[in-house]
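After this come two complexes, each holding chain A, first together with chain B and then together with chain C.
On to the complex of A and B.
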């Protein structure tokens, strides 16, 4: 896992307390958004479980002994959800998918790769897309299956692709 | 008979002789004594008995202090051929420290006076009158009756409504006296306090004149002592018939005495401090918290340079009317920058103000976006608002 470069806020104790002052709070949340997306981008982890968030260095800085409380985490996640950068997986809002690129962005990225690599009108398995030899230099290489599936669904709704299920595997055909 | 004392017959202090009779014989209880055919004088404090001519010459005779006399009655004449009239004087127990007398001990608690040569005066009336006047208490002759049983016995013959009324009246008098005695010290203290204020004034003017002679620090300290010394004419409720007037005057006085100290502590003072300061300055005429609050509420309408302010947290302070939050915010932000981060307690120490006020300052600063908070297990600390000031 690549090392993330922590922003200055991460070692600033007030960062871990949601600020009451509106303007300050907006800036603080902005910083958290950037940090959360950046963290997941670097670690290529899309899944976030709020209940386990404190075991993770993202929301707790042991060197200054500060943790963002769960309410704070939810606030950040809800803020991300508004811009399509996060989505809860269950109704209890405990498990979240983090999209450092929105699904539309992912869809566009994948489609432009398909165009560039001449994969239009042919079928690619999901496995080929995220773990295949042809995509190692692509940003979506190693992307979470669930995120990939959702991004492709976006393409499907744009009539640019069709998801095909066979056996226990899934593939996609680009148009 | 053992209540009799040897005494100088000359009148002492304001003693008055009320009557004089000759041919008086004394009985110890029912028994005859050798004191017969003498001269008896009743004064307003005692009954004197002496051999004929002794009393006018001022020679030692015997006397019975009147405070011993509990009850007087005239003995019924049993023998019609005797012209002597006898009076029985019932007496209380002998007092301690009694002067020596002709008899050291007697089994009787009464003596009889027999007037063999008849009476020229109304002995009964005169004596009873003397007993009512209780002149010996004023002259402080002998110990004053103290115990309840004795005074009860003393007044046995005063029965009926008049007696009860007198008793109540006397009780009132006694209470009144003890109260005024208790407050004597206080009024003296008040008098002294006025002198102290005068002294402090003269000292402060002297200091002003000789400002150069002592260091600035000492002057300041001395001034603060003087300022805390007191108000010489506190506004009291009693001086006003009207509640409104009272509060207005009180409000004016408070504004007058508090303006300086509030300026000194940075333009704001918590109500607890105000209350303590005011009441310390008033000394004895203490203010109730309600009166203080009512007076402070009036300050803004009276435009006295001070006003009451309630923070969002509910904390109430008295502050200068021209008090400017932005200055406070700037100062607090500067302290934050200087120290990196501060808790309310630390800021209170740095500025020498109360924790409550320090917290309000920090909250005000936060409200203006110049500070941000860090809530942790150790409590709330405030930092400079790097979120807004620091460039990405």
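On to the complex of A and C.
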């Protein structure tokens, strides 16, 4: 796991308390958004479980002994959801998918790779896309299967791809 | 999903071949995963054998190495199978492309036939005739509108033009002689009037001669 460069706010104790003043709060949320997305981008993780968030160095800084409360985490996540950068996986809003690229961006990235590699009109497996030998230098290499599948659904709705799944086979055909 | 929720008019663009290719590729992925797994156990086994040797357990180390050898064989078998799979996948993909090429050729051929059917020889002749007629008619209309002249008129015009040119050249010459006449006014008589009268008589006689001479 690559090391993330923490912003200065991360060692600033008030950062871990949601600020009452509206303007300050907006700026605080903005900083949290950037931090959360950056953290997941660097660690290439797409899943976030709010219940386990405090074991995560993202929301708790042990060196200054501060933790962002669960309400704060949810606030940040809901803010991310508004811009399409996060999505809850269940109704209890405990497990979240974090998109450091929005699904549309992922879809565009994948499609442009497919165009560049001449994979249009041919079939690719999901495995091939995120763990294959041809995509190691792509940003979506190692991407979460769920996120990949959702990004491909975006492409499907744009009629640029069609997801094939039968038995335990999962693949996509680009057009 | 498309089959369940999609409307019927949305036809899946995934063909049977695509599904077959997908299955082949999936198999290939599984083999690759398997290779990864074997590779990692191989690495682990080497490590274990080393530690066993260091501890002086030579027999166990040999066992481990034998297992490792066996797995290496598996790995190479997997490699050859992988090659087969890839080959088959490529063959299949190429066959699909070939059918597409043939389809393209067929469509092109049909289009060409259709295009040729439209232009039968008779029709072309007819079209050419009609075009010619059209051009002639257009010419006539042009003449009418711009008051163009018939051949006869055209000749008349040329004749008139010629005559004007001739007149102009003629006019230019006489003008020159007239100028000379103006300069040659009769001189004031230098002899006596009597002598002149006598001379006149002579002149009158010779006048006719002179005129002829001048005219000639």
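The rule is simple: the second predicted complex is superposed on the first by the 174 of 175 C-alpha atoms of A that agree within 3 Å, B and C clash if a C-alpha of one lies under 4 Å from a C-alpha of the other, contacts with A are read in each partner's own complex, and residues count from 1 in each chain.
Everything below uses one rule, namely that contacts are C-beta pairs under 8 Å (C-beta built on N, C-alpha and C of every residue); 3 or more make two chains touch, one makes a residue touch a chain.
Being a predicted model, the structure only gives us computed values, none of them experimental.
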Touched partner set for A:12, first chain B, second chain C, both or neither: first
Partner chain in contact with A:128 - chain B first, chain C second, else both or neither: second
First (chain B), second (chain C), both or neither touched by A:66: first
First (chain B), second (chain C), both or neither touched by A:163: second
Which superposed partner A:171 touches (first chain B, second chain C, both, neither): second
Shared chain A surface residues [contacts with chain B and with chain C]: none
Residue ranges of chain A touching chain C (in the complex, touch as defined): 122-125, 127-128, 131-132, 162-166, 168-171, 173, 175
Chain A-touching residues of chain C, taken from the complex the two chains share: 1-2, 12-14, 18-19, 21-23, 25-26, 29, 32-33, 93
Interfacial residue positions of chain B with respect to chain A in the complex: 341, 366-367, 369, 372-376, 381, 383, 385-388, 390
Sites on chain A touched by chain B in the complex: 8-9, 12-14, 16-17, 19-21, 23-24, 27-28, 31, 65-66
